[in-house]
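Two complexes are shown next, each including subunit A; its partner changes from subunit B in the first to subunit C in the second.
And now, the complex of A and B:
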């Protein structure tokens, strides 16, 4: 499986660490809504098909990436930085390359 | 009569003689022979004993799909079992032995199993050994009794235990087009893609490229097909953009068009060439793949179809044309399709007598009748073979009239004398890689075969793989596939012209002849047609269940010859068409792969070694090193004659009496910097860091999101926006990732940067009543007195001309200081400290003494922060801030995490004054015969020189409430039972007067 890191280009999956389901919403830190916290900590989607995932390029630039991966085919349809505006300059660079 | 080498023919070098042994007997063969062809040429008919019934077995095939003739190849002490003799190229000095026979291949004692066929049917193990226990020898206990005998009787070759001295290699490769299979289709594809300028790799599992061209005796462009293949390969070999990989099995098709291949680099040589590995594992990333993997011929299923001398038709053709070997003198054929007639002609030409061709089809085309006449064979149209005769070699067979419409046998059987029976049950495209790549195979009723699915990855099929069985089609499809794979335009062009015997590619839909006797479907696992039907009668209707229950297709050949016939028999039993029964998905590997090649160079010490800057000094000064994760740390600095216990007791004692120094460079260190660094730490730690003054350190605790304890350590505020976080050695990486995750994913708005600086700093912790005096003697540029350097204070100064940072904190419980310097100066500073300490009796101490002193103080480490304990369990609830939320704060007060019966940290003192063991359980009452009702377990233990007792830290139910009570240690594995007293985890100096000074 290859993941195209916006900084580093297409890299083998062994360079990445799976960092969990990307659909989870962390409640407000002060929230006492136990249901919401429980869902955040324990509930994971397990779709057969496209899945939003967080991967860290731990063997590379160490950025966290939002990856949309098809769990049936391993096809990756989108990769973006997890921290929205993070490295927007770098993203332009990647687009220029493409 | 027996098989023999023909006087002429074949692509072997008759002038080159090669000597080898099989089962201890010396044989000779010729260059170009496989073990199978060389033995067959010497008249050997018996190659192995079958898996279950120990039936004698001969060669069924000439290639990788061989189920019967499995041998063990011996290289020195190393034995490699279960290699098809058809895939072993002979070389001088080759030593091979047969398998699954006792005492010898010819006289096998377990052949009596054949008489017990009814008992050894499908599900034998389940039925015999998994029943309820009625008597002393039923069910599981019966299995335990029988296991030894069964293990000896059943099975294949046995693996050796000698260390394999061979070298294995791994290669990563990238190409535009990978062509798998080098028959006419593969060669054309390679050529077409290479002509487009693409970087092409061509892999074939055989030693010689050419595939069927090597034995078909067809002509291409007027020349023998084999010559055409050789010429084409020679052209390709000279091109820079083509890489040829013979003896290379592409065995796995993974996502992103990544393929795995095994190259047998030097198995065919007596000694590998200089620098040559035995096998090479290829990870190939191909933009596009051409699958030209051909097809496997299927056996027909009839009684006695496994007798030595019964062989696939094309295999015989191959032995005759490629190796110049006749598998028999009087040959009969049994077929349901046209392809076998070509074999009849080939064997006739090679010098054998073809005595009969039995064809299940009543009507035969004039072309086939012509071929039969050419082979001078008598035709038995509408006939089937219903029995074979002979012992370890075929002596004859029985034919009976066969009704194609209903499979009925009519009239009397007639005997035919023959020493070799060739069979052809049609062809199954080798779709394994395409199936692995992700899609479901499609049944083609005309071809009576599963054809490759629509590609889900970037591959293109060509030739017999697609169900196009003629060479002319293979050439056309190969070229088109090569062009398309390289992104070229298909232009009309002159294709090589093929002269081949005619033939209808579609067989009659006959898989089995139902007559009395054992008809084998899976030769390697001894699964008969009756076993398949029995499985159906017993309710195994899904093909996946059938496979598991009968073990059909689960042997080392993975059902290459048996899958489709097995499915057909199952479909008939179910009364359903084959496509409705479905097929199993092929999984990697296509053929067995050496474990060595997967490991390649990655064996032995796989992990990098992390050494502290003072590592060499430790070694030079008598340290015994201990590996802690990737790190190497001094365990003890033993004096001569000292035991480990004596050494650490001495080191710890001396530290508490005067002073000791320990290397703490391995602690994780993370620079946390930026305008929001303090706010970030407040969220990460359970306690407050924004209130920490510059120049001070604080002990911090982190929880996981689920509220359990994660890691602890001190964090030093070096500047308003500049913190140095320390973590435990083991968790340095995890904490770093944890921080990065929160900064990147959860709180991207925080302006904080984290950097791992573990390797930038060397650290030495110096502690003991004399520690401050020692520092005062060597530190310049700052005072180290109580006013300048209070508890948890940080100062900067110099030691022996090197800048250092000193923080006064204590893990040992003594007045202690951590001295940090740049890693490059580590040894220099360390030596200066040791030198300055000499007059004060400073000792160096290792992990054992460090651990001893921390147990005496009741500090926690990874043994207690084990992913199951909470801050409260460890009596660290004083660190849980109520003024702010932090990671884990929302989840830490869940019912289960605050329950009163949780395991809590306590201290233990052994009342019998004997050593305790980590992992030992604590019980209220000892019952040595039946240990039960654990109330907790020991996490760390030592002999405490400060207390003069054997002590331990433990996690015990109820914890504090049990202080002052007695319990028992129960450790049946180490036979250690005895009374303990439960006490506070703070054994020594509980009010901390020593460290505050």
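And now, the complex of A and C:
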């Protein structure tokens, strides 16, 4: 399985660490909505087909990536930075402000 | 009278083996049943068997999308053990062990259960202490466990590298002598025959495509072979749990499906007569009666419904094998395969009535489902027949996650890929 890192290009899966389901939304840390926390921690969509997930290129640039991968075929249809403002673009913005 | 005996084998051999009956019928589905069990794997078949035998409920159909034994019951590494830390798990798996000990006799079918022991290797003094704690917890509940020294281990497994120059030197180990292996296909076939002879319809090549409802209540299934109604619908589909529950309108479950690989080498002369596990990674190995070494390691670690894995885990498993047994470096691997595991959020199973009226759920076996087969079927049958759990499966509810009652034997947290 190859994952095409937006920085580093296509790399073997061994360079990446799976960080799990990317569909989950963490409640506000101050939230006391237990059901929302329970759902975030324990409940999964677990689809057979396209799955939104988070990987980290831990053996490379260490960027966190948002990957859409098919759980039946292992085919990867999209890879993007987990944050829209992640990486060099964000750093440049910060430098501009400085 | 027993269908298989020394006499029947001899009589049939003399008649050219032409008079054997098929081990189970191939019936067409009826319009309705008392109970439908979705999933003709080990757990589904065991459930059908115990429903008929223990509870007298014989108007039962087991519907299976493929053929019997095409899923995880034929894909595991056949180890049977009850060496858990937490009481809920220990009691449940020990009940399973006791059923295993009588299973060939009970089913009149040789499941080749072999109590050759299971040895967990410790590689640090702290890990050895931890094993002592688990061993004590087991003995406290009446399960056998003994600590073994390095010398005793070397005598038991001469091929094991216990030298101080090993990559992870062995300090000692925790042995459960009553643990062992069983012939996995025979378990499926034995339960199937036992259920069939008591009147259960086993319907193969019959894929469930949806659920029938009567108001809020689940009242049957739609399948590739037509609609089938039932008062009770039981789901025992392991890695397909998410898919089947979504057909019933349940979007999320405390389950992720992951792929686990397993491997077998060419046949060797007797090499190891126990099950051994590596303590510094995740690796386990035993030798089949045919001579092949059967072994495996971790799940691949990402969600998958593909019954095949990737090379990094293959590489890791082989490295672990060689760390323990350098002498196997030139043995050839014959086959590898993958099975889809229903990894739960605490590493423990779910056997419960619900979550919908008329529905019963059995899932979350992670990659430990094979050894649980008899107790899983036994407890699930009890739950279906009596509409309440037996004491043994009462802790294994679906709502335990939201209620803070998780049963996390390894203490890994809600992280399915680490269980």
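General observations
Everything below uses one rule, namely that the second predicted complex is superposed on the first by the 87 of 98 C-alpha atoms of A that agree within 3 Å, B and C clash if a C-alpha of one lies under 4 Å from a C-alpha of the other, contacts with A are read in each partner's own complex, and residues count from 1 in each chain.
Operating definition for what follows: contacts are C-beta pairs under 8 Å (C-beta built on N, C-alpha and C of every residue); 3 or more make two chains touch, one makes a residue touch a chain.
Worth saying up front: this structure is predicted, and the values here are computed from it rather than measured.
When both complexes are overlaid on chain A, the residue A:73 reaches subunit B and subunit C alike. Applying the stated contact rule after C-alpha superposition, one finds that A:43 touches subunit C and leaves subunit B untouched. When the shared chain is aligned, subunit B comes close enough to touch A:30, but subunit C does not. Once chain A of one complex is fitted onto chain A of the other, the partner contacts of A:51 are limited to subunit C, with no touch recorded for subunit B.
Of the two partner chains placed by superposition, only subunit C is touched by A:18; subunit B is not.
Within subunit A, the residues touched by subunit B in the first complex and by subunit C in the second are 1, 38, 41-42, 73-74. In the complex of the two chains, the subunit A residues touching subunit C come out as 1, 12-14, 18, 20-21, 35, 38-39, 41-48, 51, 53, 69, 71-74.
For subunit C in complex with subunit A, the touching residues are 240, 242-243, 246, 251-257, 301-306, 310-312, 315, 345, 401-402, 414-415, 417. Here subunit B touches subunit A in the complex through residues 254-256, 438, 456, 683, 705-706, 737, 740-741, 743-746, 748, 885-886, 889-891, going by the rule given at the top. Subunit A meets subunit B in the complex at residues 1-2, 17, 19, 26-27, 29-32, 34, 37-38, 40-42, 54, 56, 58, 62-64, 73-75, 81-86.
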